[in-house]
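Heads up: the structure comes next, in structure tokens.
Order of writing sets the chain letters: A, B, C and D. Residues in each chain are counted from 1.
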Amino acid sequence: MSPELSVVTTAIALPFVGAAATPLIYRWFGERTGYAAAALALVSFGLLATQLGEYGTVAAPWIPSIGVALRFTVDGWALLFALLASGIGVLVFTYSAAYMHGGHNLQRYYAALLAFMGSILGVALAADLVVVFLFWELTSLASFVLIGHHTTDGESRYAARMAMLVTVGGGLCLLAGLLVLSIAARQALGTASFDLATMLANDEAMRSALRDQGLFVPALVLIAIAAAAKSAQVPLHFWLPNAMVAPTPVSAFLHSATMVKVGVYFVGRLRPLLSGPEWTLLFATLGLVTMTVGALLAVASTDTKELLAYSTASHLGLMVAGFGFGAVAGGEAGAFHLLNHALFKAPLFLVAGILAHEAGSRSLDNMSGLRRELPVTAAIAVVAGLSMAGIPPFNGFYSKELLFEAAYEFGHEAGGLAWLYPAVATVASIFTVLYSLKFLAVFFGERRAPQKTVPRPPTALVVPPAVLALGVLVVSAVPQFAVDLIVQGAVDATARGQPEFSVHFPPEHVTPPLLMSGVAIVGGVAAYPVTDRVARAIETVRDSTVLIRPSGWYDRALSETERAGAHVGPLVHTGVLRTYVVWGLATVSALVLAGYVATSASVPAVDGLGVPLIVALVLLIALLAGFAVPTAPSHVAGVLTLSILGFVLAIFYIVASAPDLALTQLVVETLVLLIFLLVLQRLPEFYADLDRFVVGRDVVLSLVVGVMAFVSTLLVSPDPAADPTELARYYVTEAVPEGGGTNVVNVVLVDFRGFDTMGELVVITIAAVSVLVLVTMRTRGETQ
Amino acid sequence: MSFLVVAPVVVAIAGVVLAFLVSRWPRVQRATSAATGAVYAGTVATAVWRLVLGPDAPGAAAYQLGGHPAPFGITLVLDGLSAFMLVVAAVVGLASITFSVVFVERDNQRVYYHPLFHCLLLGVTGAFLTGDLFNLFVWFEVMLMASYVFVAFYGGARHTAAAVRYLVLNVVGSALMLLGIGGLYAVTGTLNMADMARRLADPAASGIDPAPVVGLSALLLVVFALKAGLVPFQFWVPAAYTTAPLPVTAMLAGVTKKVGVYAIVRLYFTVLAGAAIPVDVLGVAGDSPLSFLAPVLAAMGVASIVVGGLGAVSRDTLEGTFAYSSVGQVGFIVVPVAIAAASTGQLRQIALVAALVYALHHSLAKSLLFLSAAAVSDATGTNRVRDVGGLAGRSPVLAGAFFVGILSLVGLPPLAGFFGKFFVFDVSIRWYATAPGWAPLAVFLSLLAGALLTIVYTTRTWTGCFWGAETPAVEGSVVDGRQLAVLVALAAVVVAVGVGFDPVYRFAETAATAATERGDYVEVVFPDGGGAA
Amino acid sequence: MKTTARIAVPIILVLAVSLFFQGHNLPGGGFIGGVLTTTAFVLVYVAYGLDYLEAGVLDREVDPGTGIFEHRSVTAYRRTFVLGLTIVVGSGLAGLLLGGSFLAQDYVILHDVPIYHEVELASALVFDLGVYLVVVGGLLTILSVVGAE
Amino acid sequence: MSVALAAVVGGLFAVGTFLLLRRNLVRVVWGIAVITQAANVYLIAMGGVQAPTHDLVPVLEGHGSEVPQTADPVVQALVLTAIVISFGTTALALALSFRAYEENGSIDVAEWGEEG
């Protein structure tokens, strides 16, 4: 069976249609728009669920000229992600309806949230690189709008811009990476292609094509940067905690099933294509470092959402590391943990939302013992929290075991330094347990809260996390059910070959991974009493330098860029004309001379002056007049010298057999002189200090420009004895028969090249108009 | 039907004359001016469809002005490349003149605003269509003269100073252009570009020595770079763009800048590419003027990306940001042109497509943004980023149009800008793949950095002006509905180009083919093999 | 100076007109004729000042305060160059409408005309007339405005 | 190929460049004028300059008469167009200079600031 194109596209398009129609929906439903959106999400979920087991690829044309199509692949991995996004979407919309009560800008909120969900579905199902990128970027865009929901809040704007910069900036790398893949596909598949499904089907050929062209590592690195940006891997993890300024439902959605999973999802997607030694080195390292750093930072957090945000980064690291390992268990860890993390992290965020909503605080320090007032919430938190900590028999434990297994196998196989991988994974897990306990502490111990009474949360706020916690329990109790339903499919899609996958609990015998879990749990619980000291130690290290502090280097880089930017303008554009002229003329001279040198253009043999004596004499006078201009003591003297130059050139035109030019030059020169004098009589004399150094420099540049013009003339001016060009001959012979005039130049001007003359007249017209404009607008002034 | 080739010029110059003739009746003048803009757009559309794109179109057509056979008269050529550029000019021109009518103060519109605007359009049209090198100079001058006046239009200290600098640089440019054109005439014996291409491809037959052509063409390259605002010839850009009336700035950034790019492509790829001239200097070696062009243009492009991108990050005003952004973005347009010059075959073709698609996107998006900035200043009385805030709440429609504009600049799919970025990245990587080395890598990294800077400055304008609390300037401000209509229309075009990209791609491909298929170009101008040469 | 002007101006004007007409066959033409005509006006201006040029020759009261934009003589100059431009474009279009192409020129030679025996009528003369008018109008606008500054 | 012509073109370009680099706006405008003149001389040089004779003038004897070899009319036409255009530009440059002086209160171009 293959999937239905119409079903898949409808499932993806529905949220977008809903987003576009939000103003209408909002008019009918008002604040209950959340329920309408939930219904839409439910429909999408339902449509996608019908495709379970119907795996394959479908396509509709988009840009046939370059082989881009709206191509969608339905497989276990895509469906797992899409169902999570739409399923949790239903709950998040339901929760929003209550949580956002009385909020502002709800239309934009729901529209963006729907578009966000649609984009995630798109990324999950897309099987064309361009379409993948399209939806990938749309998720960034939607999250920008959502994170910046409170537009009047500076922190919101800061975080939104940060998320945009990191994720869209990472998107640039993704685009580059995808293009590298398409280039490889040209060789591997024989045609230019953006068809991801076909690439995955021909992974062997793709890999060898990439390696042939030396593009394997670049592709890997580019895609890793993109995935790291999206999935908040170190050192691009800092945007995620900042993104918690978004309304809590958005955070829950963003962290559990959507935005941040996109990177991990895509890593899984490309795993069959690109995995190898470099892949493992890159992703396993990246993942484990993030897992550890995230866990440490979570321990040091003082805010519920901040803790959960770092925890998300840490768990994303776990998934990335899982996919990084080549072992079967690695892929299983990544795929299974994607599901498990979504199931436990979403309710935890929703719980944090309930706490903020009811207890009025997000601070971990001033809340504890809330289980009495919020028993249901506490129960949900415990279930999800223990799953997060990886405590058996909760589902988080299973997937973490798989990671341990993969890491252990890797260490065992590679030996040496590779043993660091399982060691680091274990250490990170100790801190995971620790921060999970820290979070749960708000419900236990002595009663402390900023408010005296903590009201019971409305049902609409409790039901969604409860449903998710129930999901945690179901998967915990019968993990094989989830595996059979969808996780196996996901594992198949993210691995080469067909690995069989089953989960057993309780474990039949003691294995090294089990021991690692044991160490993690015991270590975490043992460290719990000294949490505060651990947290302070982490804080000290974290704040020791800008480069380590999350978003420290981002802030530094951004402010440095802005500072540099503020300088560049005034530095480059000083307003000093001479600078501009120097740059322009120096460049042009260099280029032109280089051009002559490059082609070894040769100067023809020089024979005397090359012009008749009379011409040479006139030219000499012209040159002298020219040199006299800069030395003129006053404006009037200079203008007169300039006119002399002009008149001498008129004589030159006469001796060069150009009477029309001579006439024109004479009268024009007269008029120019007149205008010059008219203007100059109103301008003050001005004597700038003649700095020897400046003059010297200017002389050098002038000489260079002069040489450029000199060489150009010498190189190309024709031999006087040479035949006239075909063009010249034609004009002379055809002037009378074609143009009916004996003055060839005039015939050329009004007839053969009348179009030039027309343009020239427009220039004169503009010149005339320009003085009118200049005069009129002066009296009028700038009223812009 | 070949009259259609000259029709855009005729309409544009008729627009100039009409605008003068009805200047006594301001209302009529405004209506006429906008109507001429629409007629111009219609004419261009008809000409392009009937001659280039339509099912029965010949693909290209030439028009011999005055009925004189090429190369003796002046030839106008409408081929894929000029068609592509003309369409850009028509869209931006129509948007800009319509916007002007409702934006520029009525009294100021009476000060020859409309005749000058059509002169600008005329100059651009002539430059895109002409097949004669000297005629290109003439239309450049027309275009420049009109832009000088516009830069000085609101005669303030800043405006006149900017205009003087702009003028001086460009007059020097014009002198250099004459040097280049005169030299090429002396070397090849012709001014007709098709004829020149023909002669250069077979220098022995015409008895010419093409060696100086590389140096001479560098003169023209510099002039075109000056028009395009490439570093180090960009100095006039920020001041000119921020002082001209903003609808005209939309034209300057959207169209006249592209004239420079067009001229580079036309001259080098259509005219000079066929010349077999061994080039070898400072490690640059090759066998045509293109091998000289490639490193020069790549360096200019990269420098533009850096200077423009960085400069845009911290500007005080919206138009200042976008003016610097234009410097950077034109770098994104010429980098693929450089890549095209450095490569052959399919990569050259696709690189030119990349340049054209990016140019199209930049024209649309940047004019949209400049016009948005105009609407903002009209509504709030200020354009300082720090004095504006919360506009998104005040005018969601304006915000939407602006958002589309900046997202297209960032290159978010499925907007026009995405495909620009997509192809530019594509050819950059393909260049690296075919010729791995530090140069392609450096170019790619600078593209990456430039794109990152684009996100930095666009998000800054957005979060600064459109989000946040309403500032006193924004409170109670009302955005003119007619201005919004123009903005929405332009934004719709930006979206439509991206969503329905297939025909746009095919058009760009036609244009790129026209640019490189020298034989076709010569064939169109000399249908019977023409001339004696 | 005034005497010179009184004598020179008519001569220049006649010369200008003849240069304009002979332009197609001898050195001269619309542009040179136009510039020369302008020079004649300018000579008047230099000799007598703008007031004379505008009040005396063109019979107009001068009031610099009202702004050059509405100045009647400037208006006249402006009309001149607009007319010239119209003629140029019109003649270009005429070539098109008469079955030729845009900017096509033609000429006829009339035989048996008294005195001249044969007279050539070139449509290019119309085009050149446009050139002449644009130049005269344009340059005079520039000069009078710059002068009035 | 003419050293004399090349020297004049080169020399005038050098003078023009030197003037363009001055701080005095008036001198900058002179620079423009000189460079444009130089470009015109250059264009004439591109047509080749020979000893002046009556025959070389591109004005023919009359209709139907024999066509002599003349100086290159192409470059003359180009220069004529260029002169006109540069005249327009110079006029604009002067008017603009005056306005710029009025607005900025100085003809020292180095003193005019730039913002934005």
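In this text, a contact is a pair of C-beta atoms (placed from the backbone, for glycine too) under 8 Å apart; a residue touches a chain by one contact, two chains touch by 3 or more.
Source: prediction; values computed, not measured.
The chain pair C-D and the chain pair B-D differ in C-beta contact count, and the higher one is B-D.
Chain closest to the overall centre, judged by the mean of its C-alpha atoms against the mean of all protein C-alpha atoms: B. Taking each chain's centre as the mean of its C-alpha atoms, the one that lies farthest from the centre of chain C is A. Chain C and chain D have Cα centroids separated by 24 Å. Rounded to whole angstrom, the centroid-to-centroid distance between chain B and chain D, based on C-alpha atoms, equals 28 Å. Computed from the mean C-alpha positions, the centre of chain B lies at a distance of 37 Å from the centre of chain C. The distance from the centre of chain A to the centre of chain C, with each centre set as the mean of the Cα atoms, comes to 62 Å.
Multi-chain contact residues of chain A (touching two or more other chains) are listed as 569, 573, 575, 577, 581, 585, 659-660, 664, 668, 671, 675, 679, 682, 709, 712, 716-718, 725, 727, 731, 740, 742-743, 749, 751, 753-758, 760, 762-767, 769-772, 774, 776, 778. Contact with two or more other chains is made by residues 25-27, 31, 69, 82, 85, 89, 92, 103, 105, 109, 120, 138, 142, 145-146, 149 of chain C.
Shown for chain B are the residues in touch with two or more other chains, namely 13, 16, 65-66, 111, 134, 138, 141, 145, 148-149, 152, 155-156, 159, 161, 164-165, 168, 172, 179, 182-183, 185-186, 191, 238-239, 315, 320. By the touch criterion given at the top, residues 62-66, 130, 133-134, 137-138, 141, 144, 148, 151-152, 154, 157, 160-161, 164-165, 168-169, 172-173, 175-176, 179-180, 182-183, 213-215, 558, 561-566, 568-569, 572-573, 575, 577, 579-581, 583-585, 587-588, 591-602, 709, 712, 715-718, 725-727, 730-731, 734, 738, 751-756, 758-760, 762-763, 765-767, 769-770, 772-774, 776-778, 780-784 of chain A touch chain B in their complex.
For chain C in complex with chain D, the touching residues are 25-27, 31, 109, 120, 138, 142, 145-146, 149.
For chain C in complex with chain B, the residues that touch the partner chain are 69, 82, 85-86, 89, 92-93, 95-96, 100-105. By the touch criterion stated above, chain D contacts chain A in their complex at residues 1-15, 17-28, 30, 33-34, 37-38, 40-42, 44-53, 56-64, 67-74, 76-77, 79-81, 83-85, 87-92, 94-99, 101-103, 106-110, 112-114, 116. The touching residues of chain A, when paired with chain C in their complex, are 659-660, 663-664, 667-668, 670-671, 674-675, 678-679, 682, 739-743, 746-747, 749-751, 754-755, 757-758, 761-762, 764-765, 767-769, 771-772, 775-776, 779.
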